[in-house]
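Both complexes below contain subunit A, partnered by subunit B and then by subunit C.
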Partner chain A sequence: MLGALAGRLGAAAMTAVLSTAAVFLLIRAVPGDVVGEMLGQSAGDRAAEAALRAFFGLDRPLWQQYLGWAGDVLRGDLGVSWRQGLPVAGIVGKAFLVTLQIGLVTLAVALFVGVPLGILAGVRHGRWPDLLVEVVSLVALSAPVFWTGMVLLIAAGTWFGWSPPLIYAGPGENLADNIESIALPVMALGLLQAAAYAQFARQQTMQVMRQDFIRAAISRGLPARVVYGRHLLRNVAIPLVTFAGVILVQILGGVVVVETLFAIPGLGRTLLAAIQARDYPVLQGALLVAVLVALLVNLLVDLLYAAIDPRVRGA
Partner chain B sequence: MSGRARVEYGAGLALSMLLLVLAVAPGLFAGSPDDVDIALRLKPPSAMHWFGSDETGRDVYARVVHGTGTTLGIVGAAMLLAAVIGGSGGAVAGFFGRLGDMALSRGADALLAFPPIILGVVVAATLGPGAANLVLALAIIYTPVFFRVSRATALGEGAHAYVEAARALGHGEWAVLLRHVAPNVLPTVLLQCVILFPLALQIQAALGFLGLGVPPPTPDWGASLQESRNYLTAAPWLAIFPGLALLVAALAALLLGRGLQSRS
Partner chain C sequence: MWTPSISRRAAMLGTAGLLAVPGLPHAQGAAPDVYGPMDPQARRGGTLTVAIANEPPNLDPFHQAGDARTAVTVLMYQGLMYEHPSGEARPLLAERMQISPDGLTYTFTLRRNVTFHTGIAMSSADVKYSYDYIRDPANGSPGAADFGAIAEITTPDDHTVVIRLSRPNASLPMTLTNRFGCVVPRDTFAADGARARLSQQSVGTGPFRLAEFRPQSHIRMARFAQYWEEGQPYLDGILFSVQPNAASLLQALRNRRADIGMLPRPQDAEQIRDVPGLNVGTAPSLRQNSLDLDGNFAQLRDVRVRQAIALAIDKEAVMQASIGGHGTVLGTTVAAMQDSWGAPLAELSTQRPDLERARALLAEAGLQGGFALDLVSIIGFEWMDPAAVTIAQQLQRIGIRLNIQRAELGVWLNAFRTRNMRFTFNDWGTQPDPHILYYRHFRSPPQGADFRNWANADADRLLDQGMETADPAARKRIYVELQKLMSATVPTIMLFSPNLVTVTQSRVRNYVQHPTGWWFGLARSWIAA
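Right after this comes the complex of A and B.
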């Protein structure tokens, strides 16, 4: 178990190094950098350009730049924003907490809406609840999540004369305002992920329902409460818990566009702003966090899987 | 295939055909997407203009119809590019194994570590707007996915007796791969194109919405949604119809993919 864990951790670390290096090279491979943008009118002033380049370390070879950055990261230093002059760790950390809140609330919504509907559809396979869940979830899966958000904005504005507050409020500042800020984004993301969850839960339920022990339980005359509550749920629970990891990573991806639509200062908007300003340290910091979170969630899912299901242990 | 699955598959097939026709010959179904008429500025849907008109009085219906080719063409080209590069790379890596396989697999893992849309945003923003760059960005996201699928299939095929037999007959390794293994990997890769299509479509739309897609005035569904943002309550039809088009296209590919999957 410990050996396998060490192996997984090693592989994840290697992936993190490779993916950050790939991005590091990619964003530097294209012409134009922060120096040209900063100088603006006075671009072409060679001395000023060289001075700025040296200041940002852009005059060094790429591999030196990357090793320097990676070394700082390992020491816990993500650098300083080229545009704002503030530590990247603070900027990215703050943005990540905003995104994380939306992600976790969305996950809860998707879980509580999608799973019961999916299990219901699986148990009532082929009947109208199944058909209804299937049609709604297929449509929800097909709609681009930011468009769902736009439709919600239109609906709220037209029918209720309501629109979310213009300025985002964190849960610690003002909980009521915070709920208003994240309500529509969570609904848009939640609808999509609840649909994904429902489809998955339906599939899992149908698989378990076909098993002999369910048929045996039914034919032994056990009440539905026991068949579904004990035999079905316990077997469906494992894949559903692990699926939460997949969903969470998907939410963290999808939130990028939704944050832009709803003007929420999360990781996605920070990332986009950093790209547009060519603020490399912030961009690299935000990407590092995104990759590490995705890797960590996947790792946790595997560990959780092993903890719940003794058959996987040591495999 | 159950009755319902057959209905789903049929619907997916019919919708895909319709979209294909719209993409190839939009002129048969709608007028020019670029005709500006300020008198029609932000007019709601009517008998003349089914989907209303936009801020310069252009017909939204014509823009949605003409956007089919742009939007689906970009996604289709990206799928094809990713399938060719990822598919052939995966087949070679899976068949030969060893060091090259390990290096390519680690590279694929590194790209797969990013949430796809985030990778798309970074690549598209770095390359700059334009249809070709968008194709490239989407292809970079999905090449590692094709690589993995193709590699796993080739790895499985390589263990079959027919491969052993071909070797025993004196065929070279490359001949075995190209003539015997590759034809068995191809269907899996093609199926993957259809399965990934709706996901890639949504990313294409998201990038367009973020202003990282096709520059105006080319009609594109995601770009139309970006332009509609300032008129959400004043002219909701600008947002509704291009989004519906995206929904229908994604649904068509989703149904088609599920149908093909259950048949194979």
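Right after this comes the complex of A and C.
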């Protein structure tokens, strides 16, 4: 078990290194840099452009730039934002906490709404609850998050005269404002992920329901709570836990859209702003955190999977 | 509703007009009405919430170009002069300005009661430091080229600044306004990390100081208690909230979360015009939405092709499709400068659709069979997509098949900066001065950048003459001639200026919209009970 864990950690570290190198090279391959963004249409003075490029170290060879950055990262320093002049670690850390809150609340919504509905549909396969869940989840899965979010925003404003607070507040700053700030983003993302969860739970339930031990339990006349609560749920839980990791990573990916739509200063919006401003230190720092989080979530899912399933634990 | 305009008379009274009597040094006194009128009925206090669509990347007025930065920093930083909506540069931190008869020496007498946000008093050494810093290309300011004519800055005493030019520049007073002409305490940039600190602490002399800048969220400004204009500003603070899109901005205004906002899509005024408690103000702007034609790109190298394209485009139809008609169709200058500096539209060629002539020009160029051409649209500029479709239909009538390509802004800026514009949309603004509008964009290097590879020697001569000519009538003749040349040889097609549509809650009083679109007017605004 420990050997497998060490192997996974090693692979994760290698993935992180390769990802950062790829990001470093790819972002520099895209035309335009921070100097162009700062000069805008006031460009034209070659000496001023060269001075700005030297100020940001862009006149150095690429390998020197990468080694310098990687060395700083290994020392725990993610650098300073070219756009804001603040330490990247602070910018990315704050943004990540915002995104994490939205991600976890959305995951909870997806779990508590999608899983019961999916199991209900699987158990009642072919009957009206199944059809209802199937239709609603297909519609929710078909609607792009951006569209859902925009509809929610316009509907809330037009029908209820309500719009989210102009300024995002963290849960520690003002809980009421925080709930108002994340309500629509969580609804927009949660609807999609709950639908995905419902579909997955339905399929898993239908598979388990076809197993001999479930048929035997039913034919033996065991009470429904025993059949579903003990035999069904325990077997459905394992793939659902695995799926939680997939869903969380999907949420963290999709959060860019809702953060942009609802002006939430999370990791997604920070990344987007960094790309637009060609703020390489923030971009590299934020992507490093995103990669590490994805790797960590996958690792945790594996460990949880092993904890739940004795067959995996013994392997 | 307030609708400013720059009258011909006001323009003639512009800064260049100060030397209307050759040989007589002329002094310009202090102008009390910068930012807009004061209001004796004003109620003091309160914080205004402003919804903005474009967030400034940072708040450094010396190194960050772009309207998003300037729009907010004008409340924290001030230049010696102020770009009055009339088109005139008026004294701001200067009390008066004197120009020598040869137009080469400008003497500024400074106001005596000006204090920086750092708490120290402003002196001539600060002005010299600021302008010496910005004009040194080694410091990497995008404004360096604008200060290129300055040969020397001296400070005979604490309250006098003398600027000597290497060649006359009638636009110097406008250059010393609030885009790049800000004054900061001497040695501001001497310390490590000084540039970055400007996004956390303001060091200007403006009516508001920076209280907080949280990127991707908001900018908070607080009244500067030691501000030099007595009794100003009326507000205790301003909160700029960054809105991610036009729909969010509209909702914020509709639901009274925001007190004031400028609509990124002027046509959205129709959605909000009848909402009780909201006032919708419209003003002509100094911005232009245009098509640029790179003289080094494909068929555009042939002037007849550029002329044919201009003659095939119906600007009115493009404006209707793009912004629902909420703007002004342009000739060869922006809407808010047409009266003062624009060539009469009737005297300009290629401004009205003439398909027969367009086809004939293409035939002359050997392209009677038509050809395909790429048109670049910039992602995030909503007006460009409907404009591209409309222009594609219009050019199809003369056999030009447009292939519409969409470029990310950073990629587009890189192509622009490296003079590889091809055939592209553009969206840009100016201060109310023809030299600032045209010179950098159209003058050949090294004096200008000639981003469109126009390479027109006559234009270079006119642009140099326009810069050096002080007499307003003569200056206007030069710029009219330049515009005729532009219209005839088509390095650009100025399509329209979108209106500036500002929406305010009824409790917001005394807000006057500046034609740059910058937030000067908040310096005189107040909140009713």
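In the analysis below, the second predicted complex is superposed on the first by the 292 of 315 C-alpha atoms of A that agree within 3 Å, B and C clash if a C-alpha of one lies under 4 Å from a C-alpha of the other, contacts with A are read in each partner's own complex, and residues count from 1 in each chain.
The criterion applied here is as follows: a residue touches a chain if its C-beta (ideal position, glycine included) is under 8 Å from a C-beta of that chain, and two chains touch if they have at least 3 such contacts.
Fair warning: this is a prediction, and the values are worked out from it, not measured in the lab.
Of the two partner chains placed by the overlay, neither subunit B nor subunit C lies in contact with A:G71.
Look at A:R83: by the touch rule set out above, it reaches subunit C but stays clear of subunit B.
In the overlay built on the shared chain, the residue A:I154 is in contact with subunit B and with subunit C. With both structures placed on the common chain, the touch criterion links A:Q250 to subunit B but leaves subunit C unconnected. In the superposed pair of complexes, A:T260 makes contact with subunit B and with subunit C alike.
Of the two partner chains placed by the overlay, subunit B and subunit C both lie in contact with A:Q276. Contacts of A:G7 after superposition: neither subunit B nor subunit C is touched.
Residue overlap on subunit A between its contacts with subunit B in one complex and with subunit C in the other: 30, 150, 153-154, 157, 163, 260-261, 275-276. Residues 2, 4, 106-107, 109-111, 113-118, 121-123, 125-128, 198, 202, 205-206, 209-210, 222, 225, 228-229, 232-233, 236, 239-240, 243, 246-248, 250-251, 254-255 of subunit B are the ones that touch subunit A when the two sit in their complex. By the touch criterion given at the top, residues 49, 51, 55, 57-58, 63-66, 137-145, 193, 195-200, 213-218, 239, 241-245, 247-248, 251-252, 254-255, 257-258, 408-417, 426, 428, 440-441, 445-446, 448-449, 451 of subunit C touch subunit A in their complex.
Taken in their complex, subunit A has these residues touching subunit C: 30-33, 36-49, 51-52, 55, 80-81, 83-86, 91, 95, 150, 153-154, 157, 161-163, 165-168, 260-263, 265, 269-270, 273, 275-278. Residues 11, 14-16, 18-19, 21-23, 26-27, 29-30, 126, 131, 138-139, 141-147, 150-151, 153-154, 157-158, 163, 249-250, 252-254, 256-257, 260-261, 268, 271-272, 275-276, 283, 287, 290-291, 294-295 of subunit A are the ones touching subunit B in the complex.
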